[in-house]
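Right, one structure below, let's go through it.
So that you can tell them apart, the chains are marked A, B, C and D in the order they are listed, and the count of residues begins at 1 in each.
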Amino acid sequence: MSTAETFITPDGRTIGAVMMEMKNITLRFGGVVAIQDISFDIREGEIRAIIGPNGAGKSSMLNVINGFYHPQEGEVWFRGAKRPSMKPYQIAKQGIARTFQNIALFKGMTTVENVMTGRQLMMKKSFLWQMLRVGPAMTEEVEHRRRCEEIIDFLEIQHIRKEPVGSLPYGLQKRVELARALAMEPKLLLLDEPMAGMNVEEKEDMSRFILDVNDQYGTTIALIEHDMSVVMDLADRVVCLDYGKMLADGTPSEVQKNQAVIDAYLGVEH
Amino acid sequence: MFYREAGQYNTTYEQDLQAFPIKQDKIGIAIWLVLAYLFVPFFGIPGLEYGFAMNAIMIPVLIFTITTIGLNILVGFTGQISLGTGAFMGVGAYACYKLTSYFPDTNIIILILASGFVSAIVGALFGLPSLRIKGFYLVVATLAAQFFLEWCFIRVGWLYNYNPSGAIEVPQREVLGWIVTGASAEPMTRYLVVLSILVFLAIIAGNLTRGRIGRSWMMIRDMDIAAELIGVRPLTAKLSAFAVSSYFIGVSGALMVFMWLGAAEVESFDVNHSFLYLFMVILGGLGSITGSFMGAAFIWTFPIILKELGKSWFGINATVMENVSLVAIGVMIVVILIAEPHGMARLWQIVKQKLRIWPFPH
Amino acid sequence: MTDFLYSIFVGPFADMIALPDFLMQVLWEGFVAGVLYALIALGFVLIFKASGVFNFAQGIMVVFSGLTLVGLYELGVPAFMALIITLGVMYVLAFSVERFVLRKLVNQPDIILFMATIGLTNILIGLGQWIFGGETKTMITEQLWLPTGSSVWEPNGGLVIFQHIDIAATVIAVLMIVGLGFFFSYTKVGRALRAVADDHQASLSVGISLNQIWVIVWFAAGIVALVTGIMWGARSDVSFSLQIIALKALPVLVLGGFTSIPGAIVGGLIIGIGEKIFEIYWGPLFGSGVEGWFAYVIALIFLLFRPQGLFGDKIIERV
Amino acid sequence: MLKKLIVGVLGAALVTGASYETAKAEDTLYVPSLSYRTGPFAGAGVQIANGFADYFAMLNARDGGIGGAKIIMEECETAYNAQKGVECYEATKGKGALVYNPYSTGITLQLIPKAPVDEIPILSMGYGLSAAAKGETFPWTFTYPASYWSQMSSILKYIDANGGVKGKKIGFIYLDVGYGKEPIPLLEALGPKMGFEVAYFPVGVKEMQAQSAQWLNVRKERPDWMVMWGFGAMNASAIKEAAKIRYPMDKFIGNWWAAADVDLRPVGESGKGYIGANFSGIGTDFPAVQDMIKHVVDAGNSKADPADVGGVLYNRGMFNAVIVAEAIAAAQNATGKKSITGADMRVGLETFDLSAARLGELGLAGFTAPIKGDCADHEGAGSVFMQQWNGSSWDQISDPIAPMTDEVGPLLTDAAAQYVSDKPEWKTQSCN
């Protein structure tokens, strides 16, 4: 694999330099090893897929990337610097956003409020202004609201703008969650099974949104997905995990041909 | 029919971000304010004796509304349950008492508002455990605050200036020539002071809860892990909730003693009162400022009304009615949690919703 | 300064050594208080394990059951008849709670259920005062064939007094814990309860009615409450102010972990003995009366270092 | 829900308004009773309230009221809670209340500054602020027949007479609220003078029924005498704990709120020998009590359990009513009006004369030491006597013991001066 500044995929897409690099990550819970000595990288502007059977350690990997879990061994490099041990909110500040496998929306709030939560880090006006909610505080609120409304338009969820998210159907909740992540204007967007439980139509919509996001905003995306056809369509590069170990890393077609991957998915006896 | 938003369009985000975007709501609030400022101070509550209406109903209800808004910020908006409300009110009251003895010439209203900061600091201090513990465990932490502070109110003589009776007594103070505290203060003066502080604080609470800080509280409430991953710092969010909540509660405690009771000992701040305030929050509606008004008014007036009804209509004595109201409030708590966890505020919204489409049922 | 350090680090221990019989007495008093805390905590744990409900009303259930028992007796019902009727009342309570509260609140957040039990507390206080009056009542100790009087032990000229009712309380508590252990391990219903505690879904799939389980477990907690009420009442009469003391079971739970029966016992004893020792030997430094908050503050400090309790499992957060 | 609420509020408003009107009818005397039949001290509150109510009911039934005016006695439930106390005060003061008897030190402290403003006197009979005994400083507050400080001095005199107080250690166990702390300044002042040492054992309201720690401390401190300022459920628990540590009961003295039948009945035989201070007679042998039984209790108009009639707190409630009635009569005489005001009542409270002869007329001969209302002295320097529990009832064991007025007086003056020191607007009166 090339370590060059840029990289051209077989689809002819140009992706940038290494943005994030995982070096020999090992994560344990008590005696259970969730991730064992895994290394891979994510490049600027690419769509990177992480695949693998259930319990392979995919979600744990995402949790390591955004700092929710701290690996016992290994290093995380972000934009050329080794990342020190950080709290999740600090990592969010670096521009890493994510969605969750089991939707983690704020159920007591409306759609637009949920999307607005993505802007939290960018809102700076002090407590005092917040109390008064006039002048700069109001200007700030309106400005961010405008950005959020753009994203709401982009993801076509205007009609549920003021609905409490708890009562929305599953597919829409997933979309609101994506909107919330986008509102953070992330450099790296982590999607944990964005299409789980969706029908074909919803999956197509979601795929389109993901590609559009990558296209329009130039956001780097790392996603976990089970549906291989989706992965093949979307991803520039794929890494495959099984039982916390790395099975393969490469372009979709390379990974698809990998014997170990095929075995893992077909459930060959070890 | 009357409550209809058809034809009202918000053309700017500013309009949409107002506290009451619908015209009818604006008129409603204006009517309430006119009533509160221009009618009640002069006429009290029609049918009730003026002094009783002011001292036994209006003033305590307004004060407890501040308490309830404060507790609601913590419980309803941030999802951190607290049984230490009584004691935090005590912190405000004792702080104000000490301030009045150190600064006898300072405007008492400023001192009352300042005493809230003391309780905010104490509140944030006892909120520290919330960074590590959640839910029921936090109940224990707040009970620790409650009982420890109660002990301080008894044992630390400095707090009550070594008064042999162990109570704090409110001195007489004037603002702009009006006596506002002490027994000679007119109910109308005290009412107007309390009302103005309530309006001021309610606006602040409304502003905070609708903006960035309020959202960070609600994020913590709804899903604290996700909130942290999105960039909310739990330390800031939780402690600010504890501090703001305790500020409100502290101010209400100072008001309770200075504008209403006139003297207080530790009994006025005990754990049973903490339950009472929690009931106000639950019945009024978790996470609703409007609900806080309803909850405080309801929980305070309900036993009084019941007592009066029992006596005048059924000849039942006050003792029985006291117990009936205990049971009834308990039952209502359970019923409202089952039927509508968002309390009377949500019921009111449903009523408005019905009005909106009236006379067509669907 | 040295005086102060002395009075904290040396003085109290010197006192302990100087009067060993007195120390024994303090330990015993603390032990008995601990047993009672543990009993209340046990009621909490039973309900928490099986239904995930943090039953704030456990304390008032203790008072209410004791009050019903004495109240019935005062109305002329023979003691043991009153006991049986009180058990019936506790069953009705358990049944009503399941039917009218828990069943309607399934799948609600824990905090809502918790608040509902605070509402329940209010109802029980009101009902209890309404029916039986608010006066302090004397427990019918002798009529229930419980021992009164005391024994004296005089080691080396010292004096340690053991109240027979305290000894009886300890014995009955042990019997009850053993009984509960037996019930959980060897009876069908008990095993079902454990299954529920482990996994609600799994127990549903093997055909156990969750509703029945809840009634049984609340009834069991009611029985524990009644026993606690009798023992506590025999020590210091039955009145509503016991309810606030009963809140001390909360720090006990924090120490012991919400789901562990041995935790409740050990936690109860630690709190009971600890607060007595602290009050007697260190209390004077703070102006005494520290018993009111000691348990809570210990629990608070403990929480900061080991949030899951002594016997609880480490909490792994997931997203 | 909301609709019902509105209907309820309006309904109650109308009703309250209506009842307010009726209370103002001609020639009546309105006496509110801030009682507590619920809450932590209900046990004592019920007894006091019954005695208070039954005496007025008896006067209405037997004499048609006082001086031809009917007494309207209205109870308001405070549950011993200061907030409800305010509510009750406001609910009753507009109806022409003549005097307040709050039966709670907390509520009394709240009302003391209000009394001169609303011109309704407070009779905190044997509780409340000790300093209020100074009539010149506190024109509107009365503590007949004795303040806590006077009582404590009488108890010290009793101790002194029974083996001397010099060189002794006195343990003071008290309810840790304003009420219990009240006598501490007196103990601090008299201790060095009389040569005794004091050990303090506070009992929090929450720990009223869990006093084992305090009594372990008593065992450690080994005081020669124990004096208790307790109330409600605290009393029985304390005596039980004392019995447990085998503290000699005849060295254990309760004040007049810790020496009632309801306190000792739960203790029974093991409390034998326990001593209590009292200022009101016990038993049903007094003709006045007999009248109450005849006109009220037997007529089914009393809330009291017949077995409680004649008990310590029942009789105390009655005695409170007697003083109120006498003061009303005195006020009627002074003003020549049947229906009087709070300000008239204040004069009545300063001028009534409950002499031995008058006590005899009232059917209360020997019930208590004679008391005379006075402008400067609002406590009447009443004496207390000691009573002892014999396992099932009380026996009087001492003659009335007068307080150490010489010692207590200056302290009261100081305390009164301190109370008003930060209140420049406080209104005093001058006697003579």
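Brief remarks on what is shown
One rule holds for everything that comes next: a contact is a pair of C-beta atoms (placed from the backbone, for glycine too) under 8 Å apart; a residue touches a chain by one contact, two chains touch by 3 or more.
Worth saying up front: this structure is predicted, and the values here are computed from it rather than measured.
Chain centres defined as mean CA positions place B nearest to the mean of all protein CA atoms.
In this assembly, A is the chain whose CA centroid lies farthest from the centroid of subunit C. Centres computed as Cα averages put subunit A at a distance of 42 Å from subunit B. Separating the CA-averaged centres of subunit B and subunit D is a span of 35 Å.
Rounded to a whole number, the gap between the C-alpha centres of subunit A and subunit D is 73 angstrom. Shown for subunit C are the residues that touch two or more other chains, namely 129, 244, 289, 292, 317, 319. Among the residues of subunit B, those touching two or more other chains are numbered 147, 151, 154, 225-226, 229, 322-323. Multi-chain contact residues of subunit D (touching two or more other chains) are listed as 37-38, 176, 202, 204-206. Listing the residues of subunit B that touch subunit D in their complex gives 45-49, 51-52, 55-56, 60, 101, 104, 147, 151, 154, 164-167, 169-172, 182-184, 260-268, 270, 273, 298, 301, 304-305, 307-309, 311-313, 317-319, 321-323, 344, 347-348, 351.
Residue ranges of subunit A in contact with subunit B, taken from their complex: 66, 68, 87-89, 92-93, 97-98, 100, 104-109, 113, 116-118, 120-121, 123, 125, 127, 130-133, 137-138, 141-142, 145-146, 149, 180, 184. By the touch criterion stated above, subunit B contacts subunit A in their complex at residues 12-14, 16-17, 204, 207-208, 210-213, 215-216, 218-219, 221-223, 225-234, 240, 287. Note for the complex: subunit D touches subunit C at residues 37-40, 42-43, 46, 176, 200-202, 204-213, 216-217, 219-220, 232-233, 236-237, 240, 244-246, 262, 265-266. Interface of subunit C with subunit D (complex): residues 19, 22, 25-26, 29, 33, 129, 133-138, 150, 161, 163, 236-237, 239-242, 244-245, 275-276, 279-280, 283, 288-289, 291-292.
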